[in-house]
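Each of the next two complexes has chain A plus one other chain: chain B in the first, chain C in the second.
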Partner chain A sequence: MADYNALATQFTQFYYQTFDSDRSQLSSLYREESMLSFEGAQLQGTKAIVEKLVSLPFQRVQHRISTLDAQPTGTTGSVIVMVTGELLLDEEQMAQRYSQVFHLVNNNGNYYVLNDLFRLNYG
Partner chain B sequence: MESSVKYAQEFVQRYYSSLDTNRNGIAEFYRENSLILWNGKPMQVTEFTSMIVNLPYSKTKVEDFDSQQVMGNDMNIIIVVSGTIRFDGKKPHVFSYVSFYCIYLLVLRSSTNFL
Partner chain C sequence: MADYNALATQFTQFYYQTFDSDRSQLSSLYREESMLSFEGAQLQGTKAIVEKLVSLPFQRVQHRISTLDAQPTGTTGSVIVMVTGELLLDEEQMAQRYSQVFHLVNNNGNYYVLNDLFRLNYG
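What follows is the complex of A and B.
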């Protein structure tokens, strides 16, 4: 099996690059069965998920990764990733801390996000 | 999605209650093939459980958790938990507050755990 740490790092970097430049392009990284938990809201499917992300109240965003942990999940090719980091939005000087978990699944050589759980971290 | 919340709630209550009041019971949540990363460090289950047993007295407060069913296999649930742990030092007035962010992948009868 391919190195899951390398996969996790590459995928996560690509995900945030896409998110930060044009988050409407994230549709290719989700499928109908994908789920997103976002600050208490639970959504399913590419359309609902991308609509949610695109409608978030900011124009510019920058993700900065602090830590990244990955493990294989025992299902062939699947990887679970836990990221902590910071978000800088629009004109704000103060970054917000966040945590995000991705469960990545292999579909004919392409990975997509099956489970996505995002939380801002306070305190 | 409804049913995963109930399983997750029960798991979270049982796990952290065990962590605070029945350290030896923590091993029951894991199996031999469980994978554990503790602050980035991979650990074997036995190493992990003995580390847990040797922690100072702890009081855990779960602030929130998210859960999702993993499609295609009804018995798999991902849970992300956030909260605080208070450790009592030997001197009664010394406290450490630690914010924890844990993710658990529950597979029927075994668990994969990030800390």
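What follows is the complex of A and C.
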């Protein structure tokens, strides 16, 4: 397993654990230049992104990763991650399938999310 | 609509039209440093990637895009595209849902695919 696979796995586990316990804490993973595409809405900047995530209309959420693929993007240590998985919301019994992409940029060994793209997969 | 959205739309239409008519012609869109993750298999380089795509066990294929999201990756003109869509293979009546990510890198105005990640979405 190359380092970028380990990084991608570690990052996504941390991201979803944080999302599912207290998503307001995700702000440390974004920067002013970060972008989020969420079900067609486009947001830029840590504040706008975290406000969007916090405002989503559910109290409890659980992410389950089904597949995770990672690739380096050039020679700078940055990594693209594609996740497919399932979301379980509040009291719902049926999980919803989703796809999400993270572009993790290496800033002197500290990674942040430059690009975040999320879509539910309707069956 | 920003330029990167137009570029992403134009690219994916061209990519899937080429894939669905003669996928051996996709070689012009990849480079030696390009990577493909296809259902967990990892390939690098134009030749390996196109051989993989050509070897897929169907004769006729039709891609239909359901959603397309694009974001710039930094200031170099490169773009990340996430597609969700449906695949119709050979004589099958039921479409299969998929997710695909392209990282399009700007090389003096000519774009190529540096990163390509593909997964079927099982329902």
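In this section, the second predicted complex is superposed on the first by the 120 of 123 C-alpha atoms of A that agree within 3 Å, B and C clash if a C-alpha of one lies under 4 Å from a C-alpha of the other, contacts with A are read in each partner's own complex, and residues count from 1 in each chain.
We adopt the following convention: a residue touches a chain if its C-beta (ideal position, glycine included) is under 8 Å from a C-beta of that chain, and two chains touch if they have at least 3 such contacts.
From a predicted model like this one, the values you see are computed outputs, not experimental measurements.
Participant: Looking at A:Ser27 after the superposition, I want to know if it touches chain B, chain C, both of them or none. Which is it: first, second, both, neither?
Facilitator: neither
Participant: Kindly classify A:Asn106 by the partners it touches after superposition: chain B alone (first), chain C alone (second), both, or neither?
Facilitator: Touch status of A:Asn106: no partner.
Participant: Need the overlap of the two footprints on chain A, from chain B and from chain C, as residue ranges.
Facilitator: The overlap between the chain B and chain C interfaces on chain A comprises residues 33, 35, 37, 42, 67, 69, 71-74, 80, 82, 84, 99, 101, 103, 114-115, 117, 119, 121, 123.
Participant: So in the complex, which bits of chain C are touching chain A?
Facilitator: For this pair, the touching residues of chain C are 35, 37, 40, 42, 66-67, 69-74, 80, 82, 84, 97, 99, 101, 103, 105, 114-115, 117, 119, 121-123.
Participant: Going by the contact rule at the top, pick out the chain A residues touching chain B in the complex.
Facilitator: Interface residues on chain A, with respect to chain B: 33, 35, 37, 42, 44, 67, 69, 71-75, 80, 82, 84, 99, 101, 103, 114-115, 117, 119, 121, 123.
Participant: Using the touch rule from the top, collect the residues of chain B that touch chain A in their complex.
Facilitator: Checking each residue of chain B against chain A gives 1, 33, 35, 37, 40, 64, 66-73, 78, 80, 82, 84, 99, 101, 103, 105, 107, 112, 114.
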